[in-house]
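Here the chain labels run A, B, C and D in written order, and each chain numbers its own residues starting at 1.
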Amino acid sequence: MIPASGFSPLPVAVPLLGAGALAAIRRWASRAIADSIGIAFASVTLIFATLLLLHSLQGTSVYWFGNWHPRGAMVIGIGFVVGPIGAGLATLTALITLLSLIFSWRFIDSGGNHFQPLVLVFLGAMCGFVLTGDIFNLFVFFELMSTAAFALCGLKTEEPAPLQGSFNFAVTNTVAAFLVLTGIAFLYAATGALNMAQIGAAIGARHDSLVVFAFTLLTCGFFIKAAIVPFHLWLPDAHAVAPTPVCVLFSALMVELGLYAVVRIYFSIFEQALSPHASTLRFLLMSFGAITVVLGGTMCYAEHHLKRLLAFSTVCHVGLMLVIFSLQNSLAIAAMLAYLLAHALIKSELFFTSGIILHRLRSISERVLFRRGTGLRGTACLWFIGAAGLAGLPPFVSMIGEAGTSQAAKIAGVDGISWLFFFAGSITSAAVLRAGMHIFLGAGENPLTDRAAEVGEMPETTPENKKIFWYHFAPPLFCICGAIALTFLPGWQNVLRDSSSNFANQQAYIHTVYSTGSAASAQPEWNEEIPSAAMHGFFAFIFAIALAVTSVFRAKLPHYLRIGSFLERGFRPLRLMQSGHPGDYVLWLTIGLVVFGSVAALALVH
Amino acid sequence: MTERLRARIFFVAGFIFLALYFCAALNLPPWGDYRGPYGDFISRMVVYQRHATDAVNAINYDYRGFDTLGEEFILFTAVLGVMMLLRRRADTATREANKIKETRKLSISVQVVNFPVFFVTVVFGFYIGLHGQLTPGGGFQAGVILASALLLVYICENTEAFQRITSHRAVEVSEALGAASYALIGLAALCLGVPFLTNILPLGTTGDVFSGGNIALISACVGVEVTAAFLLVIYSYLEEIVTGEVPEE
Amino acid sequence: MIWFGAILLLLVAISGFAVVCTRDVTSQVIALSFYGLLMALTFFFFQAPDVALSQITVGAVALPLMVMLAISRMKFRKAHMPDSSSGEEHD
Amino acid sequence: MPHVLASLPYFVAGWLFFCGLYGLTTSRHLVHAVISLAVLQSSTYMLLLGIGYRTGGTAPVFVDISPGRLTVDPVVQALMLTDIVVEAVVVALLLAMVVKAYEKSGSVSPSDLRTLRG
């Protein structure tokens, strides 16, 4: 009998094996068989990931591949560090991938059964990405994840738009991979190690230009994946063109994992080196995060292509998570992960619902869909509930993340974060509500529109089959129930808080890797802010309704009250930034990198 | 944004980037003065621990074999992506483009020379692949060489033979199985109760072709996968030209 | 000996810039192939025969080959499908 | 060793990275953009090899040298082998996108790649 920690490689190996097997029989298998095999492998992965999570609750374990245990301080092989956070993220990944596969059951065009093996590879890569403790292995899984994502993004080869969106996506994310690799090479030159704990121990408190530049490269490389402004430009294009289940994987998982990598690397390698300048670093990260929140929220409200709208709301919320991370204490990490969980569930739900809309009404543009969804009660319910979740209305788990953040902000002595929460929650929720009012209630006059929304998107399904089956409604319903149930499920917050205190502590991490034991320390309470967070969520939702109303009924309102329609027209410079030209995207990326790098070099180096 | 404006802004940003890069590089250990412990440790131990003489391949297929697993799947995924992007829908009508019949036959001398070159390349590919644990080379390089040997068949203008070799589903299946068998080798170790990708084969005598344990086996899987992968990519690009059919619009 | 390496490195730097500055795609492929070979030579100097071998096979042969194949496929399409070059108008 | 040379490979690597970004930014042809990406990638080869090199070290192949001998770093070479595979396949994937985009829209200019805007 293998102990449960022996399962560590299985969340990676099982889906990869499944992808290989499925690709081998791809030509002969019918659609139903290929889907069943895909779902079976994803389920097995979910089971192993859950077992791993349950095992890791008893303590973080380290798994050395090829039986290469470290010799003294020297790490020889590749290690997985399986803690509650990594295993939990792997479980979430497997769960959402399984839901996407169920959603796409005989429904989405699978491109000659290419879809299922690609999704399985994507799943395996994400599991490896969250579990690994080796920085080059992180890069390999980053690249594997990206390659699968590029291919998945261009699944609909019959239209020009998907190829353009996925080309921009591929170019920017490949540049990201090389930024990361350059950063890894600098770290290797400085320390002669590839294991994150060993690098962290070897760097110690050193913070010369080399270490700071490596930090810049790694952070900006993963920021590109995480779609932080100005690295976010690829994300709306990729989301606008990808099939719905793929959008779910991108928005609910891949983008967040980019941010997870930043957090992981910061706390395992750079924490001690950069801690003398923690306040400068906080300022730097917080400004990037706040700009992302504001820009993502504004653009979200100005979009009329449903998937692009949701994509910008992802940008907005990832910015919020970066702001939470910039508080840099262990409670903030716990809050960030709670918020990440909530966001993953709610955003998947919304994307699934948009997929149902595209399936039933054959369009994704708000203006074309106007008044056409009046008969779809179930879909309308799902859509409006999702909007409430974005605002953080009380029964949803997002308010727990907000409560933790307020607590962490108090510890860090930072004010005003709840305003960012309020802004992000209300404006993204208002955009979703506005679209819902137009589509399902048929309220107001002919909606405004923008250029991207007018690009026709071919439906992902065949026209003769417009019926909705239970397996279309089950995934979004499951997500929404999960997002509400987690609020009332006791205990997981404490587990998260305790494991975050290990996660966000470089010494504890190094200790864990070398001795496979973990030390927990006493943690501050995080529940006392919940009532005020619930209140904030409630007001954010009310404000969102008001904003949506000023947009929908703009003709009946006096000029000075048409705030919504003013925001909805968007701002020209922001729209111009989203030009669709790969050269522009790389230029913005370079500018972002240079700004981050210069500030970091001037402020952090001695 | 106009092109000139974009180039100008880029030059400002790019030179700051260069400055940052150079500043950081000044703190690197001087060129030729590598001092990290990781590589040295493996250099010292590889012959003793793995009975393999090529340290680079020992790292790739053993010490850091898990990286190579991911790497192989990157190749696998990309090939799947290329085939998906360039696939032809089953229901698309095609018409003859008459490309091949127009081209002139190559002179007989080129074909005569080409034949032995083809065999020499195949032999060289196998040599490189089988001696990965001893000398520079290995499955990956061998795969590329073997795939390019088959390209010689195409250059020889015998497109039908090329088509027969590469459009076969066996290539696709062996590509997928080559990738999957790497994962299976890892899982086999797990079934024996040792960690994933632990060496489970006898190490053999140093310097022997059958030495280094898993290294040769994994290298062979990678070789199969890479050969098939490159053939599939090349065929995906060449399909229209080789078959002489383009889709009817 | 070290000066030989330095000259190789400078050549790589110059030819890398040349590859990027070549705007005609077909000549760029040739430049890329030359650049790949130069890289492989540098790798030999750096005592990396494994890498040099794959660089020759990939960087100097497979990569330019793939670009050539892509270009020839596009040309083939253009020659045989006169309607496809007009394409859809995009704003 | 003369001081000028101490950082030469790193400078070359940085320069190649710059060249790649420059090519991507100012590209007027999608295939050109893909090739620029390949140049950008070769920057990482230069950097890794420059790091692992050791004056007087031999290749880490112990066929006819003893294991105690001074060698260059084998780890960076293993990482680079990995890297080269990535390069080849990512380029193949990108080129497939370019080919397909050309077949659908009849253009290879990035300026026409703008169905999605705003």
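Throughout what follows, a residue touches a chain if its C-beta (ideal position, glycine included) is under 8 Å from a C-beta of that chain, and two chains touch if they have at least 3 such contacts.
As the structure is a computational prediction, the values presented were derived from the model and not from experiment.
A.B. asks: Can you identify the chain nearest the overall CA centroid, using each chain's own CA centroid?
C.D. replies: Of the chains present, the most centrally placed is A.
A.B. asks: Any chance you could check whether B-D or B-C wins on number of contacting C-beta pairs?
C.D. replies: Spelling it out, more C-beta pairs touch across B-D than across the other pair.
A.B. asks: Measuring centre to centre with CA averages, how many angstrom lie between chain B and chain C?
C.D. replies: 17
A.B. asks: For chain A and chain C, let me know how many angstrom lie between their CA-based centres, rounded off.
C.D. replies: The computed centroid separation for chain A versus chain C comes out at 36 Å.
A.B. asks: Which integer distance in Å separates the CA centroid of chain C from that of chain D?
C.D. replies: 11
A.B. asks: Which residue numbers or ranges of chain C touch two or more of the other chains?
C.D. replies: Residues 2, 48-51, 54, 58, 62, 66, 70, 73, 77, 84, 88, 90.
A.B. asks: What are the residues of chain D that contact at least two other chains?
C.D. replies: In chain D, residues 1, 5, 8-9, 13, 15, 17, 21-22, 25-26, 28, 50-53, 55, 57, 59-61, 71-72, 75-77, 81-82, 85-86, 89-90, 92-93, 95-100, 104-105, 114-115 touch at least two other chains, as defined above.
A.B. asks: Two or more other chains in contact with one residue: find those residues in chain B.
C.D. replies: 6, 10, 14, 17, 21, 25-26, 28-29, 32, 34, 36, 38-39, 42, 54, 56, 64, 67, 71, 74, 78, 81, 85, 136, 140, 233, 237
A.B. asks: Using the touch definition up top, name the residues of chain B that touch chain C in the complex.
C.D. replies: Against chain C, chain B makes touches at 32, 54, 56-57, 97, 99, 128, 136-138, 140-141, 144-145, 147-148, 151, 230, 233-234, 237-238, 240-241, 246, 249.
A.B. asks: Touching residues of chain A toward chain B in the complex: what are they?
C.D. replies: 2, 6, 8-10, 13, 16-17, 19-24, 26-27, 63-68, 71, 74-78, 111-112, 114, 117-118, 121, 124-125, 128, 136-137, 140-141, 143-144, 147-148, 150-151, 154-155, 157-158, 163, 186, 188-194, 208-210, 212-214, 216, 576, 579, 581, 583-584, 587, 590-591, 593-594, 597-598, 601
A.B. asks: Flag every residue of chain C that touches chain D in the complex, lowest number first.
C.D. replies: Touching chain D from chain C are residues 2, 6, 9-10, 12-13, 16-17, 19-21, 23, 25, 28-29, 32, 35, 39, 42-43, 46-51, 54-55, 58-59, 62-63, 66-67, 70-71, 73-74, 77, 84-88, 90.
A.B. asks: Mind listing the chain D positions that touch chain B in their complex?
C.D. replies: Touching chain B: residues 1, 5-11, 13-15, 17-18, 21-22, 25-26, 28, 50-55, 57, 59-63, 67-68, 71-78, 81-82, 85-86, 89-90, 92-93, 95-97, 99-100 of chain D.
A.B. asks: Quick one: in the complex, what on chain A touches chain D?
C.D. replies: 136, 140, 143, 147, 150-151, 154, 157-161, 163-168, 170-171, 174-175, 177-178, 181-182, 185-186, 188-189, 194, 236-237, 240-241, 450-452, 455, 570, 575-576, 578-583, 586-587, 590
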